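Chain naming follows the written order as A, B, C and D, and within any one chain the residues start at number 1.
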Amino acid sequence: MSEITVNDAIVQALNEEMQRDARVLLFGEGVATLQPELVKRFGADRVRNTPLSEAIIAGTAVGAAATGLRPVIDMLYAPFLAYAMDAIVNSAGKLRYMSGGQFEFPLVVLAKTGAGWGVGAQHSHNLEAWFVHSPGLKVVMPSNAADFKGLLKSAIRDDNPVLFFSDMALGYDSGRVAAGEEALVPIGKAAIARSGCDVTLVAYAKCVPTCLQAAEQLAALGVDAEVIDLRTLKPLDEATLLTSVRKTGRLVVVHEAGPLCGIGAEIAALISEQAFSALKAPVRRVTSPDVPTPASPVLERAFLPQAPDVVAAVRGLLGGA
Amino acid sequence: MSEITVNDAIVQALNEEMQRDARVLLFGEGVATLQPELVKRFGADRVRNTPLSEAIIAGTAVGAAATGLRPVIDMLYAPFLAYAMDAIVNSAGKLRYMSGGQFEFPLVVLAKTGAGWGVGAQHSHNLEAWFVHSPGLKVVMPSNAADFKGLLKSAIRDDNPVLFFSDMALGYDSGRVAAGEEALVPIGKAAIARSGCDVTLVAYAKCVPTCLQAAEQLAALGVDAEVIDLRTLKPLDEATLLTSVRKTGRLVVVHEAGPLCGIGAEIAALISEQAFSALKAPVRRVTSPDVPTPASPVLERAFLPQAPDVVAAVRGLLGGA
Amino acid sequence: MDFIRTERDPLSLYQSMLLIRAYEKRLAALFAAGNFPLTCSAQGQEAAAVGVVRALNADDRILTNHRSSAHLLARGADPGRLIAEVMGKTTGYCGGKSGTLHISAKALGVVLTSTIVGGELSLATGVALSKQMLKQAGIVACFFGDGAACEGIFHESLNLASVWELPVLYVCENNQWQAFVHRRETMIADRIAPWAGNYAIDYASVDGNDVNAVLTAAEAAVERIRRTGKPYLLETCTYRQKGHFSLDDQGYVDADELTRWKALDPLRRMEAYLLESAGLSADDLAALRAQAEAGLDDAVAFAQQSPYPDSSALTADVYA
Amino acid sequence: MDFIRTERDPLSLYQSMLLIRAYEKRLAALFAAGNFPLTCSAQGQEAAAVGVVRALNADDRILTNHRSSAHLLARGADPGRLIAEVMGKTTGYCGGKSGTLHISAKALGVVLTSTIVGGELSLATGVALSKQMLKQAGIVACFFGDGAACEGIFHESLNLASVWELPVLYVCENNQWQAFVHRRETMIADRIAPWAGNYAIDYASVDGNDVNAVLTAAEAAVERIRRTGKPYLLETCTYRQKGHFSLDDQGYVDADELTRWKALDPLRRMEAYLLESAGLSADDLAALRAQAEAGLDDAVAFAQQSPYPDSSALTADVYA
């Protein structure tokens, strides 16, 4: 156990998995320049800078994954994935199925996103729902150092394509992280970040701390909120969600991504299909509005879901609104 | 009024709008070859074949739309949009907002999709939810000849980027279509394809006929189903949906697209947020499974939502399941 | 019985071309008869496919596209299993889930076929990277069309292959058409091979309807890649004798162009060569044709007798 | 007071370069002082920007990218409104919604700026198509980096511009770096201009740190585009004197390379020219520098005094 930042947790996971499996390699625009110690340790062959060519970075990873390597690619910011959709969605997500199971695609796609840096809508755009909607992929988006490390290690060991999203705002958060094997966190398991019995708050990435903050404020109002950290967005941990809502009867889903056809929509639909009778109140979504991320700090703050928004939504539910 | 096919309706709409507004032009891979009469009528400048380059086809349309033209581009099959996501999502959808409203993007993106032709998952993949999730775009997906014509005309006149999806299976369906101006169908208005009081079936594209079929079978069982044809997926016609569900108290959403973070998820979430108290039973989704579209005819049939699946879902609701 | 074919003698080359021609004609007939899936015919491009594929060894890898029948058959694919795949049968190379447009056959080293134009260009570099990093023998041949050369991924793929020195044989089958658009409308140049110069990649352009010329050029290219480890671009200039796909009547194709190219039919030319220079007789050729036809009879019968998948297959093979 | 600048006399060119340098140094100082947004500095690339922008007329259009300050200032942008945009103020060119990375100013003809590398390449053809089809005077200048030249969209954009004969001046600012990667690692060639040859597009490569040379080359290129209606690729060879963005300390940059290029500093060279060949004195230059600094003082004050947008702006400007 040691206290490290999310950014360090990512590098630790890469170090351990590259050490463990010689087939793992890392490439992307600037990764070799920015991770000199990985280059020193594993060689320039396994840690590579690339040309500025997202489509071929992703395509190369897919082709390599199908033929014996286990690539991890750094695509920088999520909106840049717009150049790499064919390789990820049409190839990595479909070619196993389309070939009747002839190929496997053990590959990890790293992408950062998340408002708070004033860099605007072409850097800050949460696109995780696109990949949840597409077949054959897995999607993770952790909220703390231990999960970043544990889920990245699991993603690298997974035999399927995994989209690994990092929220910029969490990079310098630190937390206690286990070393080596014990650090593994399974893909597909949500975590109960706080247990409670009056309402279930479901979130991921930076909205988990937001919900924990809201839960404190709610506690002061005598409301006992359960906070679920999804951690994996695909496959969803339906059991944990259903158990919680069957207990609390109330659900608020919170994320930075836009509302329409987002994870919040999926969870609201899932719950109203599977736990309808348990619901004491409408399911509520607290998300950013359906607009591009503004750069201006004032607008960016207003864009992001904040604890008071979550508290207000919960009070609405308890008011039976 | 005349009886024409969906494919003819599309060409009629293009003819009328290109005639009406000299700024409208059409380009794409093979459009000039396949629409010689449009070339003859409007000239090779306004109806152009392009190189096989989806990214620049879309980018060119976006740049042209911002500077005085009103392009319609034919991107062929929806999965090919994977090459054009940057221009559509990062530019057309965001640059108006990011520029503080300096630019408008009057542009229409045509894309076909829909299983039933045995062409497999790289041609048949319903991606409309991606664009509903992305800000600044509009999305339409009609189910009959009159709506194809009327919505395409409205899309061409709209000052915003509109994704216009055509379901392959409908191309040769014919229907009565009005001529000229009266043919307009507004973007953002759903249609009640059949009114009923026991359950609301919401669908779009080829799943509308599927639901009408199901409604007939349900009528025979004494169940009176209302069928709503969304027609526009973004912006959603919330009022029509809410009115119907408040009347029937039961909702089944049907589409070919995958279930996760799809339109069905959005509507289920919307209804359980806005009409919770009106719901007498869980919201049900009837969609394709979360797998790539198989080519084999047997599997392709099993992949598509069929009327009996809809009937079964409704009976489940009425059984109070 | 997946046996990778590597014979390069004139007779074997001709037999392979004959099989491809018979296969395409048979599929066209089945489609015309109704109730058979549409396909993209390689008729007219047999020499371009056979000459390159036969220059490869068993440990080399092949990536191809929607127009893959010739590459697969030249490599030794069983026509019965190909037709079964086209029909969506369990005995097809992909269990019927691919259908005709993206048939891959791992056992033959034909990997990751994509019908997304340029898809094979995006994947080939990775397959070659595996060869390089896993220190495996063999190179990667990537077949793509003149249309695919217009996609941005062409630029990104060649640039990366050059910078990373990946053993890729890029094979541009310049058949003059890109679905319903003539190559002429999509680029200024008539030849794509010289485009490789921007990436300091060696290249050649060859008469793609002369199987002996193609084999010679391909052998030279492959030898160079094996020696240097660097990529190479070989352009085969050929012609799509049929429409883009089964439903396309080619009404838009210039009649003279079609006649000009039909006069250069690769099978006719190889037959002339065999008669003149290889001591075969007209009867020999007739016998070989009959043999190919008989093979197709069996293949079609096999495919037709094969079962469709059980609907339980719908949700299988999504995840590893 | 949006006034498009088109003066081309040496003094005006120098004043523009001076303003850009002062602007970048001031923003670096504000960032260092804390609580100021990060930006991508154009320091070292002043001549490349000014020489090309001043070769344009008022009815020409400009597309640029994340490193746009020099293009905007050379075109006549108000530094106060630029800094206001960087700070996210209502008086910024985009009302604060863009921030520093994608500033466009329609009134200056600087349209559709994208921070997606290659974004400007994907949009420029359409802006040029409007010029062509609407029969409007003027051409389209598209600024992009050596890194953007590695994106597939470079290939697609130049190919289409060539086939459709679009009046685009492609300006590749080859500053040797692509964020944290040296150009050398991303391509075999040292020059990007010759890549235009594949599309039969005329091209030239010029010393991008000599503003007089850049202006001359740009004027020739523009004249040719106006005359032929066809695209042209001009490469300006220059150097990114600062890190990729404010937080980048350039620790990875080879010291000799940096020294070599700093010796070629574009302002120093223009000053030498003005002293030797334009009859200016050291005092004149000092006065001009002071003038530029004074302008920056006003600009910063304006931006700092400007209000932040009201939160109601959050949902405005999404749809037309």
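Note that in this section contacts are C-beta pairs under 8 Å (C-beta built on N, C-alpha and C of every residue); 3 or more make two chains touch, one makes a residue touch a chain.
In this text the structure is predicted, and so the values were computed from the model without any measurement.
Q: Among all other chains, pick the one whose mean CA position is farthest from the mean CA position of chain D.
A: Most distant chain from chain D: C.
Q: With chain centres defined as C-alpha means, what is the inter-centre distance between chain B and chain C in Å?
A: That gives a centre separation of 36 Å.
Q: With centres defined as the mean C-alpha position, give me the chain A-chain C separation in Å.
A: Computed from C-alpha means, the inter-chain centre distance equals 41 Å.
Q: How many angstrom between the C-alpha centroids of chain D and chain C?
A: Averaging C-alpha atoms per chain gives centres 46 Å apart.
Q: Show the residues in chain D shared as contacts by 2 or more other chains, in ascending order.
A: In chain D, 95-98, 102, 114, 116, 118-119, 150-153, 156, 159, 163, 185-187, 318 touch at least two other chains.
Q: Using the touch definition from the top, which residues of chain A touch two or more other chains?
A: 50-51, 53, 55-56, 79, 82-83, 86, 90, 97-98, 120, 122, 135-136, 290-292, 294-295
Q: May I ask you to sort the chain touch graph into line, ring, star, complete or other?
A: Complete.
Q: Please output the residues of chain D touching chain B within their complex, sorted ascending.
A: By the definition above, chain D touches chain B via 61, 63, 92-98, 102, 104-106, 111-114, 116, 118-119, 121-131, 133-134, 136, 152-153, 156-157, 159-160, 163-164, 316-320.
Q: For chain A, which residues are in contact with chain D within the complex?
A: Contact set of chain A toward chain D: 29-30, 33-34, 49-56, 79-80, 82-83, 118-120, 122-123, 289-292, 294-300, 302-303.
Q: Help me check something: in the complex, which residues belonging to chain B touch chain A?
A: Counting only chain B, the residues touching chain A are 79, 82-83, 85-86, 89-90, 93-94, 97-98, 120-122, 125, 129-130, 132-136, 234, 257-258, 260-266, 268-269, 271-274, 276, 279, 281-285, 290-292, 294-295.
Q: List the residues on chain C that touch chain D in their complex, please.
A: Those in contact with chain D are residues 150-156, 159, 162-163, 185-189, 194-195, 197-200.
Q: Where on chain D does chain A make contact in their complex?
A: Residue positions touching the partner: 37, 88-89, 95-102, 114-119, 147-148, 150-152, 178-181, 185-187, 252, 308-309, 311, 313-315, 318.
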